[in-house]
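In the two complexes below, chain A is the common chain; its partner is chain B in one and chain C in the other.
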Partner chain A sequence: MRRSVSLYGLTFSLPMLLWQLFFFVAPLVFLIALSFWTVRNFKMEADFNTINWVTMYGRSVFWQSYGLTLALATAAAAITSVLAFPCSYAIAFKLSPRMRQWAIFLMVIPFFTSYLVRVYSWQIFLSDNGIINGLFASIGMGPFPLLNTVFATMIGYLTLSFPLVVLLQLFSLIFIDRTLIEAAHNLRCGRIRTVFAVVIPSARVGLVIAALFCFILSFGDFVSPVYLGGGDPTTLSILITDTTKSGQQWPRAAVIALTMIGTLLAVAFAAVGFAYKGRTK
Partner chain B sequence: MTGNIRPSAGFTRRTLLATGAAALAMPMLGRRANAATTELTMLAWYGHAEPDMVAEFEAENNVKFVPKYYTGGDNMLGLISQSPVGTYDVILSDAEYVQQLNAAGFIEQLDPADYAFADFFPEFQKFPGHWVDDALYSVITRFGFLGVAYNTDALTEKEASTYNVYWNEKLKGKVGHFDWHLPNLGQMSLLSGNKSPYDIDAAAWEAVKAKTMSLRPQVGGFFDYGGTFSSLENGQMLAFAGIGDWITGVLEKNGAKVKSVIPEEGGLQWTESFSIGKGSTKADLAKKWIQYVTSAKGQAKSAQMAAYPAMVPNQKGWEELASTNPDEAKRQNMVLGQPNAMDMIREGRIQYRQLPIQQGLEEWNDFWSEYKGA
Partner chain C sequence: MQGNALVTFDGVIKRFGGFVAVQKLDLEIHKGEFLAIMGSSGCGKTTTLRMLAGLEAPSEGEIRLGGKPINDLPTWKRDTPMVWQSLALFPFLNVIENVEFALKMRGVGATERRKRAGNWLERMQISEFAERNISQLSGGQRQRVALARSLVVEPEILLLDEPLSALDAHLKVRMQSVLQNLQRELGITFVYVTHSQSEAFAMADRVVIMSKGVVEQVGSAQEIYRAPRTRFVAEFLGSSNIFAGQIAADGTLSTSTGQYRLPRDMSGTRPKSTATLVVLDTRSYLSSVEPGPEFDWVRAKVVGEEFTGAMAKIYLETADGSELRVQSGYEELAKLPMNTGQDLFVYWLPEDGHVLPIA
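Right after this comes the complex of A and B.
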């Protein structure tokens, strides 16, 4: 049946449409145009030159950073999802409704504090003279290098996305039809098997979207790789700042940014496709 | 009128209206008073328009500074080029960017007679890049040296007195870089024996690159301004390349066990200077500010700026600092009539930090990215 667009419907969707046009489409178009501009004596000049694309795509450091960022974000999505699942499962199925409300509230609280502040505070825990190594020292171990490592970067990614992933997983687990779980138990399906055979497939959309959000946040994050990872190795977000920091090379930075956007769109479409695969109305 | 408002007498409609009108008028009176305050826009590194630097000038001249802080010369050029003419009245710039500012027509020509150059050390009276023949475009206000920054618990001053210390076995994973190619590669160039570290031919550039790459396994991280402070302060990094007293001085004053030393291979000099933005409608006031900050009093303030300390080019500023804060004058080696920081410049141990001359800036930057990614 063909659906006609009513004025009523349009009126309500107009703000979102305008928002997308002004704050996503227009900047994106500008970013695309910018990637073809050239820089002369620190000044950007409108141009149509593919030199920025050729230069950036011809540099091994770009592809190295790309591969690394992709791997880090994928690992962050996987690790966060695995660590968050028991938490969201417990909140969804083991807590009373009142306790569940408190748990949700506790998951929201981290967002009250700036992410940058939370990351800086991790330095106090992870540095060689920090709290964790202090505890190790008290039992005659260490110090272990924790700060300025990939491990520390991953801690930062978890700080950024763990509460959000738990919340997204939770909202999908809460709405699972409990009769399905009861049916599984009635059919002598064990607890663990029920989780893998009933709970996870039923909550697939939420779980995949949660992992996708973690991937998106980690892929573009600048704070953790710099302040916990010590800027070593170079992620794409660091490469963008490096590129703009010297010689006003915003057009080249635009190439990196567009590649990141392209990657995120591809991953998002693939993830959403996977999440809804086999679903019918 | 306030005599009418007696609590016991109660409010009549008239007193209420009068009081209300007076209350409503208060913001207008305040606005009238504020209308005389002139806003002066300043584009600068963080700290230059903070109260410890500008409060006195603001009070004396009924001025309010509106700062826009940048995080590097390129960032500064970007901000100016993307702003309408006349946006910034006063512009602080590192020496290597003054020529770029001038070439792009972002700054006004200045009259040398307006400034106290006669009080400056001779080395700073006609500073390269600030002048085009006899035309002045920028007035130097402060400078500092870049060398080896080190943790005094981990290294002795003698050990830190060579850039080779970065390769020391006990510093593995503990050498930090201030994340900007210019000072770091300048230091590597000095270590490679280049007397003019930024004016090197292709062969020397290759040698600098190879030398720098050999340091990569020692490196614990690449840090911005904040990261440099915290990793030195918490002992995470034990030696730092690309910085000097402008960072360790602040930490040292706060009790951290860090220091900077100019190594035997020589050090680099950074320089900050003030210009008047092209098209500024408050050029007279901007000039007054530059006169103030390069006067003896302004220079003493500048030397001990809360955000980061520096040496100053005005000899009378040295005298003022020695009389008002002798400890800081001594700490910065800024005492006249005895061996002091100027001797290092005169002995040729200090080279200006500048943009690469025989290679493009892009080439140096690209190598820096490769080094970081290695």
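Right after this comes the complex of A and C.
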């Protein structure tokens, strides 16, 4: 009897378990193993050698790239969150329910088009003889270097994560108890102050998770730093491709990948911990 | 009474689209009184309270607080703290931070506000929970936090929107006395919105009964109970037998169930005019034999009983389908055949009747 129940449960959880096993655990284990292999005469050999870790961690290029990627992703999370908040706040509190549905629908539309296509279309806007510089030229200014800058990379990160961040923020703002806002007003808290004293603390979990998603997406992104940032300075994702191209150094690329996974896990744990800090339920 | 008014509603009307929530409200709330606004849901009582708090703007008319018009004052510039039905405590702040909130908004320094908040926690007997989260408190403790949070700024008036409705009966009675004592000690005005007659009558100095956006009656619990002004009030209280009819030439009331004498002080009623007679259920009696000539009576069938402690309430139905009720002790009831459908006489002294001023 008991056996049949657990079998029943297993039937439904099995596909998920297998998926995780084949496509997450197995590649991760392989990646870890790979990072200890060695390369001789452009050929990889199974080995147990810490040389890849020592080499990569000993290079200042790696740490510069690591610092840059971390800074860019953090900046992207902060900028996107700040820019998205007024948008999601207005949708949550100022629009009628009907208009809110339309706004949510509009936020979903960007996902219809491939991110790569959207980034390419930014090139048309940002290049030296693109649309924006064309407008500047018509009033006798420019051209300003827009493409292949950190600014352009940041636009790419925003393109990638802005709609998602708005949606995630929105769903935490919608569920705020409106009487809390009225209570704050009633206790002499003005409109703007209420946003900081009540709305943001109430929606903290959603706001932190939204920023976390933006960080994760930007930290691992390859498209924007290459096609909008011009590949220079080098982010970790670019460094991985460079490393694999130069002399089949897959084991060293594995070291970079594992460092990125470790960083993302640490940031995710810290963010979730911060989001739920002080909550006892 | 002019100098005594803290709040004045002067011809206040509130519309939501085509719906009129409050119709032409004229009401004075006195300094230091415990006023209850009572009515069923949708009667406009909460809207009235929210207009006073500044959470809704009146469509017409003027609200004055301490003589000054406050129509255009946003809620954060009024001193009209409110206690919500849901309490609306901030879940992301602990107990003492919740109480400190209003002081912080007024720019009171950290040590000063902690001290003042601490005093209120002590007064509400919840000092030991100062550092707890709201989610760790019981319903009664949360009530006390909500009260402390509103009272910490020492306002002249406190608005309460059904704050006890979520509590169980036993706790409700305890919180009622907490509220009553607090109001007496502070000497400030409490405006208490409720749908519960027992809460309003137990605590309030004056009760306002509203229906469909109109004030039906204002008065003390005793006044309203003994002398309801309108048929709605008499029906809402649910403690009277109501007979509507026409005054006959001999000065009696002619109804579909019989001819009844009116109490002596009703000399003003003219023949042919309509009138409504109400008799309290505690002043109505039951008998299985026809009562003496000093009484008026009506025949009715027993339809149900309700036991409330020492007394029982018997529900009966007359031949024309109107409902009657009689409150009686168990000894008297034991002498009567009380089966459902039993035909009995409901009788009363004409002097115990009350004629509604508005029929």
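Everything that follows uses one rule, which is that the second predicted complex is superposed on the first by the 263 of 281 C-alpha atoms of A that agree within 3 Å, B and C clash if a C-alpha of one lies under 4 Å from a C-alpha of the other, contacts with A are read in each partner's own complex, and residues count from 1 in each chain.
By our rule, contacts are C-beta pairs under 8 Å (C-beta built on N, C-alpha and C of every residue); 3 or more make two chains touch, one makes a residue touch a chain.
What you see is a predicted model, and the numbers here were worked out from it, not measured in a lab.
Trainee: Given the alignment on chain A, is it a clash or a fit between chain B and chain C?
Mentor: In the superposition, chain B and chain C stay clear of each other.
Trainee: Could you look at A:147 and tell me whether it touches chain B, chain C, both or neither (first, second, both, neither)?
Mentor: In the superposition, A:147 contacts chain B only.
Trainee: Have a look at where A:196 lands relative to chain B and chain C in the superposition and call it first, second, both or neither.
Mentor: Neither partner.
Trainee: Could you say whether A:23 touches chain B, chain C, both of them, or neither, answering first, second, both or neither?
Mentor: Neither partner.
Trainee: Under the superposition described above, what is the C-alpha centre angle at chain A formed with chain B and chain C, rounded in steps of 10 degrees?
Mentor: Value: 150 degrees, nearest 10.
Trainee: By residue count, is chain A touched more by chain B or by chain C?
Mentor: Of chain B and chain C, the partner in contact with more residues of chain A is B.
Trainee: With the two complexes superposed on chain A, say which partner A:180 touches: chain B (first), chain C (second), both, or neither.
Mentor: It touches chain C, and chain B stays clear.
Trainee: Quick one: is A:127 in contact with chain B, with chain C, with both, or with neither? Answer first, second, both or neither.
Mentor: After superposition on chain A, A:127 lies in contact with chain B alone.
Trainee: Is A:188 touching anything from chain B or chain C once the two structures are fitted on A? First, second, both or neither.
Mentor: second
Trainee: Answer with first, second, both or neither: which of chain B and chain C does A:230 touch in the superposed model?
Mentor: first
Trainee: Between chain B and chain C, report the minimum C-alpha distance in the superposition, expressed in whole angstrom.
Mentor: 45
Trainee: Residues of chain A that sit at the chain B interface in one complex and at the chain C interface in the other, please.
Mentor: No residue of chain A touches both chain B and chain C.
Trainee: For chain A, which residues are in contact with chain B within the complex?
Mentor: So the residues of chain A in touch with chain B come to 41-44, 59-61, 64-65, 120, 123-124, 127-130, 145, 147-148, 226-227, 229-234, 238-239, 242-250.
Trainee: Along chain A, where are the residues that touch chain C in the complex?
Mentor: Residues of chain A touching chain C: 177, 179-180, 182-191, 193, 197-198, 201-202, 204, 278-281.
Trainee: Can you list the chain B residues touching chain A in their complex?
Mentor: Its residues touching chain A are 72, 74-75, 77-78, 81, 100, 103-104, 173, 176, 179-181, 219-224, 226-227, 230-231, 234-236, 361-362, 364-366, 368-370, 372-373.
Trainee: Which of the residues in chain C end up touching chain A in this complex?
Mentor: Going through chain C, the ones touching chain A are 53-55, 74-77, 80-82, 84, 86, 88, 90-93, 101-102, 105-106, 133, 135-136, 149-150, 153.
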